[in-house]
Structures are given as structure tokens and as C-alpha cells.
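Below is one structure, written out as C-alpha cells; the observations come after it.
Chain IDs A, B, C and D follow the sequence of writing; residue 1 opens each chain.
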Amino acid sequence: MTASAGWTIHSIQPILRSLLALALAALALAPLLSANVYVQTLGVSACLFATMAMAFNLVYGYTGLLCFAQVAFLGIGGYTAAILVTRLGWSFWVAAPVGGLLAAIAGLVVAFSSLRLSRHSFGIATLAAALLCTIVARDWVSLTRGSMGIPGLPAPEIHLGSLDIVINNPYRFYGLSLIFAVGAIAFLHRIIHSRIGRIFVSIRENEPLAISQGIDPLRYKLLSVGLSAFVTGLCGALMVFNLTIVDPSILDFYYTETMLIMVVIGGPGHFWSVLVSSLVFSILPELLRFSTDLRLVLYGLLLIAAMLVFPKGIAGLLEKRGTDFWHKRLAAGRGQVS
Amino acid sequence: MKRNLRLNGALAAAGLCLMTAGAIAQQSGPIKIAATLPLSGGAANFGQAARNGADMALAEVNGAGGVLSRQVMMDVQDNRCNPTEAVKVVTQMLSDGGYSALFDGLCSSVVLASMPVVDRAQIPYMVATASATAISEKSGVGGSKWTFKFNPTDASMAAAMVSWLTEKGLADKIAFLGEDTDFGRSGGDGFKAALKARGKALLSEDYYQQGTADFSATLTKYRTSRPGVVGIYALASDQQNIVNQMQAFGVKVPLSGRVQTDSIAKELLESGFLDGTSAVQPYSPEIDTPKNQAFVAAFKAKYGSAPNSISYSAYESMRTLLDAIQRAGSTEPEKIRTALTQAKFPTLLGGEVSFDEYNLAHTFAVIFQIEGGKAKVVGLSKT
Amino acid sequence: MSDICLSVRNLSKHYRGVKAVDGVSFDVMRGSITGLIGPNGSGKSTTIDCISGFTSADCGEWRVDGRVLTGTSAHQHSAAGLVRTFQNVRCYESMSVLENLRMAVVAKEGVGLWSAFLGSLRASAADEAARQHGLELLELIGLSAYAEAPSSVLSYGQRKLLSIASTMMSKPRLVILDEPVAGINPTMILRVEDAIRKLNASGVTILLCEHNMDLVMRLCDRIIVLANGQLLASGTVDEIQADKNVLEAYLGPDHMRPTS
Amino acid sequence: MDAEFALQLLVNGLTIGLIYALVASGLSLVFGILNIVNFAHGEFYMLGAMLAYFVAGTLGMSYWVTVVVVVLAAGAIGALLYDILLQRFEGSNVERGVLATLGLSMVLQNGAIFLFSTTPRLTRTEYSFKIWEFAGVTLPLTRLFAAVLSVIAFALTWWALQATQTGRAIRGVSQNREAALMVGIDPKRVSRIAVAAGIAFAGLAGAALAPVYSVHPTMGFAFVFKAFAIVIIGGLGNFQGAALAALLVGMVESFVGALASLVIADAITFATMLLVLLMRPEGLFGRGVRL
């Protein structure tokens, strides 16, 4: 009994899961087998977005905290890694985790300052934190070079004995992103399905009950934000080294909106459906390639529709069918129930 | 999921097909040029201006029989002024193959992020309108041999402006007000550097977030500090706001810098409030050469308004690029690149476009001044 | 150790000048089922919110098995063995019934990041033990058929049963039941009553805050009566039934009318 | 710093603050009554300004007619917004309301960009380019009017909340919905009025500012973030608190903007908000004057 969708599609679930896993594996391999650079670039972006969406899912979907600072974590990770590599000459492999750590620390500070309050304040405070980061990125010119950004980030290199790999083309970067995404998502999967993950859900579902069972909600909320920020910060580091430039547009609110759509439509608090929806939303708009303004209008409409009709996303709809199934099954076999 | 898989396979297959198709198309069919511009988001109106200029150049060349007796087509993709988006679309277009060159990007960060992609794809890249100095520093002998930058750098424009202001004895009390972007920041740095070379300094230096509504604080400051000139680096929208609020607060100080005289409200311009204001732009529709006047007339006929400097840069750089393809005698990237390094293309304003060892063209800085409610060209210098 | 499980001394809580609880002191004997009754607004809810840590008291001291809990936060009360249920019954709707029971002991297992990764073997042993315990409890309260069902399919009364079973999971010292039979039908009341007896039989002390007088009189060893935020009386069921103050102030002229 | 300079900064800060107050208190009104943070509030401010641009600029109506038309239209839109969307999120969890209004904001903002492009427009009225001067302080007439309109709107609302049946009902519902229901108040009707008033405030701000600032589709985006900060500093759902905080932020912007830089003023606003959250979560002005 692990995934919350576990009982949903009860009997055929293992088959569905393995089919899904197969399809995902095939999808992940496609850019490696394809000679097309665009497919590889799209693959990099899909990997990073899927990871970001899953990290956001951890904090919003599982723990119930609507955190608008994800984009700030992305930026902090990206900027920290870029600055450490270009100014201090650190290796990318050290700079990136430090970027993730700094993002996590920032996340803890923001979360600590606002979590003692209502959930409204948390949303607004995280939003303000993201705006503050934009101001810092733009105006602390001596540190971030302001709007000019830090261009010319060097390609990460691997030296292992006789093995020398410079990750300087989309093919190799896709390899790196894929390894990272699989690792990070597996990490998140492990967290979500551990007792910690269950505690996150218990806090989201019923905080007083969780407290009455001895759970310290603040501690676990902070843990959730911190983990999510760490993973998102790593995504940021990878993202800017893939682009070879970091500038304040990494803090574009547009990323927040995209992450939101991926999680909300997929079903907050569900694992596989959000993974699938993050892939769909990072690949489909590219294939359809219609105006970004209209894309955002459509996302907005989708958000409103989702909130009106299926606030728990696609997975929520499936889950409802599962609940109906139980209702029927119990009605058939009951007699003693009031 | 299965469908996605198939889609992806199809994509890959399509990519392969296009590559082969591209190889064949190189002998015949239209010459294709890839372009990215911001067509949505905050900079969309500038993207459109650039697109108009480039389209105009293409229409003229195609009307005269095309290049190498083939028609030229430009595919424009939206980059939203965001480097992530830009890298995706540029990579897509270049990997589809069949393109002979990449054109512009408008925003400097977009161009800087696109340069490595271009170097990998080994295809000539004509940067028409992005202005950051870093682009040419990283081109030619500075790194990317495929990137060519047409319009002057922010630094050189600022230098031209300061040089003119010094001549007129106006350079002693300059207050700088710029938007908080690479455009505004490098303008400010350019002003500071040019003043420093003359042993002078700025009176004050302020930056504001793009889209700031209220400038009363800064303007009130000017009422006290009384600058002789306010150098502004602002986009049309913010500039309009600044100028209107200057009038409203009675701050009557001549402006300078990258003032877009065409976007100042007519009443204000004619009231004489801005008399004494000077501006530097890479271009002016006022410049009285026969070629330029013909261009302005044709542009007005096509789009209903006079070309701005963005449209001009796009137009002229596209003409330069097409000329290079013609001279290369082939759409082979290396040949086009060589032809570009040897370019000597006559410009609308007189003189020729040629690229230096940093692949930077040294075009013109046009100095305007507003007198009697009208903007006039008072200086033209090579950058 | 004495026979007192919970001792409350001089508990006070004011809301904007209104004295919700005003200097209340009482003891709950170990192993007993003690009733906490009083008319609406007498301060029952505030009292249990304070002593379970969900509301901060203005002053007073309370201990469970001699351990002072005053000033500690709610989750620490639970860790110290004082567990409560809620009047508006609560469960984790997205989890199965069995998982709901599982959650009751998760916090006690010491959940660190490392244990999530390194302690997988130990965890699965703990999981299996908890699962067995949970299944036994479901058997006990007659919800075995629902073990794998999402708890959202449970009826209101069944959820009340589940919340009592949850408190049994963690083997607490003291359970505070907040109106466990409010709003459920008579058949279900009997089942809840049965569950409470089983909970008590497993060695848990119970403080029962309840309006249903029949149930209180049937179940409780001792009764504490609050009125207007103050302690009105406390004693055995017989003593309380005979107490004139209680009869007048609380039960009114129609002596011993069951309410719901 | 001489006195004239300081006085001018004070007057500037006051006018900016009053304008912020209009937007922020509209946000506060909607929050107080529905417990929904309206992320689309800034877009209604933008729509108000756009409408003013068309009424005054394209149709050539006078300033005052424009203001009345826009306020009425915004009020009607507010009532519709409540009936069509917001009432479905009353009492549901916080995040649903936030995400639905965020969706609405995305639709309105990007829809406006698509329809009108991002080109900024300047609304010309008969008062444009006119100045009022006293004691060495210069105040553009359009700004003065915006400030005066804000004060009038505030005074009216204050009076309505205190003295009218509906106003008392609004306060009743925002304090205790169930209790209000028991004393025979129809919470739906009251909520509709409150939301209409909140959106009318945003519309009024848009109309009053269209001649002052340039009008473009993303103008609401920047503005509403500041309004959020103001509402937090003032205390969520605290009507007067929002107004006081708005004046405070206006002053900070005016003085810090002139003496240091505009960007630092922005940073101070957001940092203050985070500090207030840390130190005084109920807002600077406490719970005493809650709506």
C-alpha cells in the first residue's frame, strides 16, 4: 500500500504501472537514440521541468503549502552555481549542490517567517520572497552583474581516470539531465512513500489530528520546503549551465505558472499523474507551438476550470472513481453499517 | 503515453527527413533564414519593429530576383525575451536544418545564450538589434567566429553622445536615469566611462524597474539637484511616462541619451518644453540621403509609420547578410561567414558596413536635437 | 507513583475578558473512565483544549503521571502519552482506514531523514507490526471489512470508531474523548460505548467529555462537573446524581434527562 | 534637505499612498468578506485604466464622466465576478481561491496583451498638463484629483461600514458568517455588494491613474504585488490597516526613492513585509480595527 492512487485502479494497477514505466523509459531514451538536437534540447527541458514540478508537488501537493517561491529557489541555485564557478573557479560538481543548499536555506528562512501564520500569508510571503530575489538579481550588480546576466558559463567536465567528458552539447547534457532527473525524482519518490511522506500528507489533510498524534507540523513543513528548494536549486544550476548564461529572466513568473499548471492538472499529491502531466506540458506546447500569450490565457482558463470542476486534478477524478467503486462494493457487502 | 512515444519517434524521423530534404533543398528552392524575436511579452512591440524591417529587406531583394536567383524566406519564432525559450527555438530551427543563417534575437541575454548554439551548429548569426557590449567582446577574435553584430554597442553610442555634449559644454551636470536592464545599465556604464575619459563624472545615477509607474521621487530630486541634462535610457513606454511626469512636476531639464523623439506626445514636443533635448540613435528617418528617404517612403507606405532605429538595423543588417550570401555564391555556412568578414556593403546613410576583428560593424551614431518643438539631426558620426 | 493519572491545578483561560475557565482543579484516577460534563458554555471544551495543548492557558498547571506538561506544545502532549480526539471527527481522507491507524504511531517511531533511507529494514518490521496491530483493532471495533478502503467512504459514526481505534494504536496513558457520540445514531452509540470500554480495558485512562448523560452514567467511574468556567462538583456517579447543586445548576428540574 | 524639498516629497508620498490605499483596501475588502486573496485584483485595476483610456481617449468623454462610467462598470463586473466565480470558492480551502483568481489574472493579463499589445498608452483628459502650485509644492491636477477621489471613496466607505444597514451587515458577515446568517442577513447579497465595492475601488484607481501613468496590460501585475505587501503590513482583512500601510509605503517610496533609489524603495517594501510577518504577524496595526 504505497502510492495514494494504490487502491484506485486496484486490480489492473500493476499492469498499468509497468506499462507506464515502460512508456516513460522509452520516452526517456528517445532523445538519446535520436540524432535530432532539438529532440535532445526538448528532452533536457522536459527532464528539468519534470523534476521542478515534482519538487513543487512535494511542497504543494503533499504538504499542502502553496509556495510561490519555487522560482526563487531555481534562481538562487542557478546564480549561486554560476557565481561560484565563474568568480571563485569552483568545479560545477561542487557549485551546483552548494546552490541547492543555499536555495534550501533561503526556503527555510522564508518558510519559518511565514509558516507560523495563516496559509494566505504563506502564499503572499513566498511571492514577496520571489520578488525580492528578482530585485537582488537585477540590482546587486557587483554580485550578479544585474540584468546583463553572467554569460559564458563553462561546460561541466568529468575527469575520471582516463575518462574525460566535457558536457558541451545537447546530447551529453541530456544524458546528465536524465541521470539527474531520474535520481532526483527517485529521491522524491522515496521521501513521499516513506513515513516522512505520510506525515506530510497527514499535515495537509488534517493538521490538528496530526498534532494530536505527536507530529510537530512546523518541523515537517520546513523539511518539505527545504527538500523541495534543494531539488529546485539543483535544477536551476543545471538549467543555467545548459544555457551557458544566467540572467534575471530565470526568475520569470512564467516558470511558476508553468509548474502550477503541471501539478494542478496532474493532481496535487499524486506521483505518477503529475510526472506524466509535467512531461505532457513540457512537450505538448512545443509541438503545438502557438503564441505564448495565448498559451498563458489557456493555462489560466485551465486553472480556473480545474478549480471549479476538478480541484484535485486528473488523478483526483480517477480517485473519485475509485471511491465510487468502494462505495458500491461496501454497499453490496454490508448490512451492519449505520 | 503511447501516443507520446509515437510522437517522439515521429519527431525524430521528421528531423532526419528534414535534414536530408534540407541537403537537397540547398541546390534549389528558397533560401531559408531562421530568426527569433520577442513576439509576446513585454518587448513584443520591439520584436515586431525588427520583424518589419527584416521583412522589408526580404521583400525588396526577392522583388529584384532574390539571392543566387533563389527567393529568400525568413522563419520567425517567438523567444519572449527569455534565454531559455530562445535556446529551445533556436536549437529546434537549426537542428531542423535547411537554414542558411540565424537572424537576431533582439534581447541581449537571448543573443548571448544563442551564441553557443550557433557555434555548435556552425551557421552565420547576424545580430541586428541587441546592443550589449558583451556580444561583440565574445565574437570574432573574442570567441564566436559565427556571430556578427550589426548595430553599435551601447558603449559606443554613449561615447558619441557624451562627446557631442562635451562639445556643447553640457557635460558637467549630467544626471543619468536608466531602466534596470542590460540596455539601461550599459548605457549608464557607457556614460560614466566616456565622462571619466574627460575627467568628469555623473551628477547622479538612478535605475528603475521596467514598467515603473511613478517617477515623482526621482523628479523631485532633480528639482533640487538641478542637473543640466538628464541622460535617459528608457523604452518608449517608460520614457513617455517620465517625460509626462517631468512636465507635470515642472522639471524643465533637457534630456539626452537614447531619447526616442518619435514617441514623445505631440503637444509636449510642440510646446517647446523639451527644447534643448538631444538624443543619440543608430538611425534617423530624417537623414537626408536619397537612399534613406526612399527607404522611409517605402516603409511608410508598407507599415504606415516611419521606421525607427530597430526597424532600420534589422533592414540594413538583413541586406548585408543577403549581400554576403550573394557574394559567397553558395549557401555553405563557411563561405557565407567568410563573405561577411569581407563585407563592404553600402548603407542608407552613406559609407559602408564592414566588420572589425570582433565581427562588429561600425555603423553610425546619429545625434538629434529638439529645437522649436522639432527634432533635427545635428550630428552624424561613425562609431 | 500515585494513582493519579492526570492532575489539573488552578487552570484559567480568559477570552477578551470572558472567563471561559476560571481556576479549575481536578484529578483523574489511573485506569478510570472519568466524565467531564457541564452545560454549553461551561468551559469543558476550553479545558480540554488547554490540557491537550491546543490552546494556551493563562495560568495553571497540569501533569500526566507526574510529568508537567504546562507550556509544552500540543504534539509534545501527545508524545507524553496524552492523546485526544476531536468533537468534529477527523481522519485522513485520502488514506485507507488501515493507513489512518498507521499514522497514529508514525511519530513515535522517530522519523528522521536517515531512517527513511537507511532504516528500510527496520521500518518494514515496524510497518508489519503496526499493520497487524491495526488489523486487530479493526477487528475489535468491527471495521475489518474497511481495512483497505479509503477512509472517506466511512460514515460519521464509523469515523468516530476509527478515531477511538487510532488512540488505541499508540498505547497512550490518557485519552481525552471529545463528545465521541455526538450526532450518531443509537446503534452506533452502543458500538462506540463498546469501543470505549475496550480502550479502557487495555489499561488506558479516559477523560470523557460528553453531553449524552445516559452514556456518561453508564460508562464513568467518576464525574467532574463544570459550570460557568468553575468546578461545580466532582465525585462518583451516585454522588453526582445526588448533588443538589448539580441538579439545580445543570440538570434542571427534569432530573437526568438525556441530551444529545 | 530644505523644507520645500521635504514638503514636496511629503505631498508626493501622500498622493502615491492614497492611490495605493485604493487598490489595497479593495483587496482587503474582498479578503475580509470571502477569505479569498484575489490575485486578479491588479488586473481589474488594469481593466479600469484601459476602459478609462477608451472612454476618455477614444470616445472623448470628460474626466469626470470617465471616472463615473468606469466605477459603475467595475462595480458591475465585481458583482458578476462574485456570482460567476468567487461565490463558488467561499469557504473552500484557501489554495483553491488563490489558484482560481491567479488563473483569472493570467487570462485577463495575457488576453489584454494579445488584444491590445504591450504598447503603452497615455490617456489625455482636459486636465492633462495642468499643474496646481502652492508654497513651492507642485502637484499635477490629475494626481490631486486621484488623491481626492481616494479620500472621498474612503470616507464614503467608512461611513457606509459604520452607519448603513448594508455596511453593518458586511462587517457582521466578515466577522462571523454563521452568526450573521442567524440574525437574518443574506450573506450572498452582502458578499456580492462587498466584492462589487472592492472591484469598483480597483476600477476607480485605474480610472484615476490612467491620465497619470501610462496604461498597458501588465500595469496591474506590478501594482498588485505591492498591494499584497501593503495588505500584509496592515494586517490581512484589516480595512483601515491597509490604508495606513499604504500611506506608509507611499512615504517610503517617496523619500527613499528621492534620497536613495527607486529600486531600494521596492526592496524595502517587500523586506518590511517579511519583517512584519516575523515580528508582528497580525500586521502593524493589530486586530483592533478589523473590518
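We take it that a residue touches a chain if its C-beta (ideal position, glycine included) is under 8 Å from a C-beta of that chain, and two chains touch if they have at least 3 such contacts.
Fair warning: this is a prediction, and the values are worked out from it, not measured in the lab.
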Chain whose mean Cα position lies farthest from chain A: C
Most central chain, judged by mean C-alpha position against the global CA mean: A
Rounded Å distance, chain A centre to chain C centre (Cα mean): 40
Inter-centroid spacing, chain C versus chain B (mean Cα positions, whole Å): 73
Mean-CA-position distance for chain D and chain B (Å): 38
Intercentroid distance (Cα basis), chain D paired with chain A, Å: 33
Chain B: positions in contact with at least two other chains: 40-41, 180, 207, 209
Per-residue overlap in chain C, given as positions that touch at least 2 other chains: none
Residues of chain A whose C-beta touches two or more other chains: 135, 138-139, 291, 293
Chain-to-chain touches, reported pairwise for every pair that qualifies: A-B, A-C, A-D, B-D
Residues of chain A that touch chain D when the two form their complex: 60, 64, 66, 110, 113-114, 116-121, 123-125, 127-129, 131-132, 135-136, 138-139, 253, 257, 260, 264, 291, 293-294, 296-297, 299-304, 306-308, 311
Parts of chain C lying in touch with chain A, wherever the complex brings them together: 52, 54, 73-76, 78-79, 83-86, 90-96, 98-99, 102-109, 111, 113, 115-117, 123, 142, 145-146, 148-150, 152-153, 155, 157-158, 166, 170, 184-185, 187-188
List of chain D residues in touch with chain B within their complex: 1-2, 5, 8-9, 12, 15-16, 113, 117-120, 122, 124, 129, 131, 133, 138, 140, 142-143, 209, 212-214, 216, 218-219, 222-223, 253-259, 261-263, 265-266
Complex interface listing, chain D residues touching chain A: 31, 35, 37, 85, 88-89, 92, 94-96, 98-100, 102-111, 113-114, 221, 225, 228-229, 231-232, 236, 263, 266-267, 270-271, 273-274, 277-278, 281
In the complex with chain B, residue positions of chain A that touch it: 19-20, 23-24, 26-27, 30, 33-39, 41-42, 45, 135, 138-139, 141, 146-149, 151-152, 169-170, 239, 242-245, 247, 249-250, 252, 254, 276, 279-280, 283, 286-287, 289, 291-293
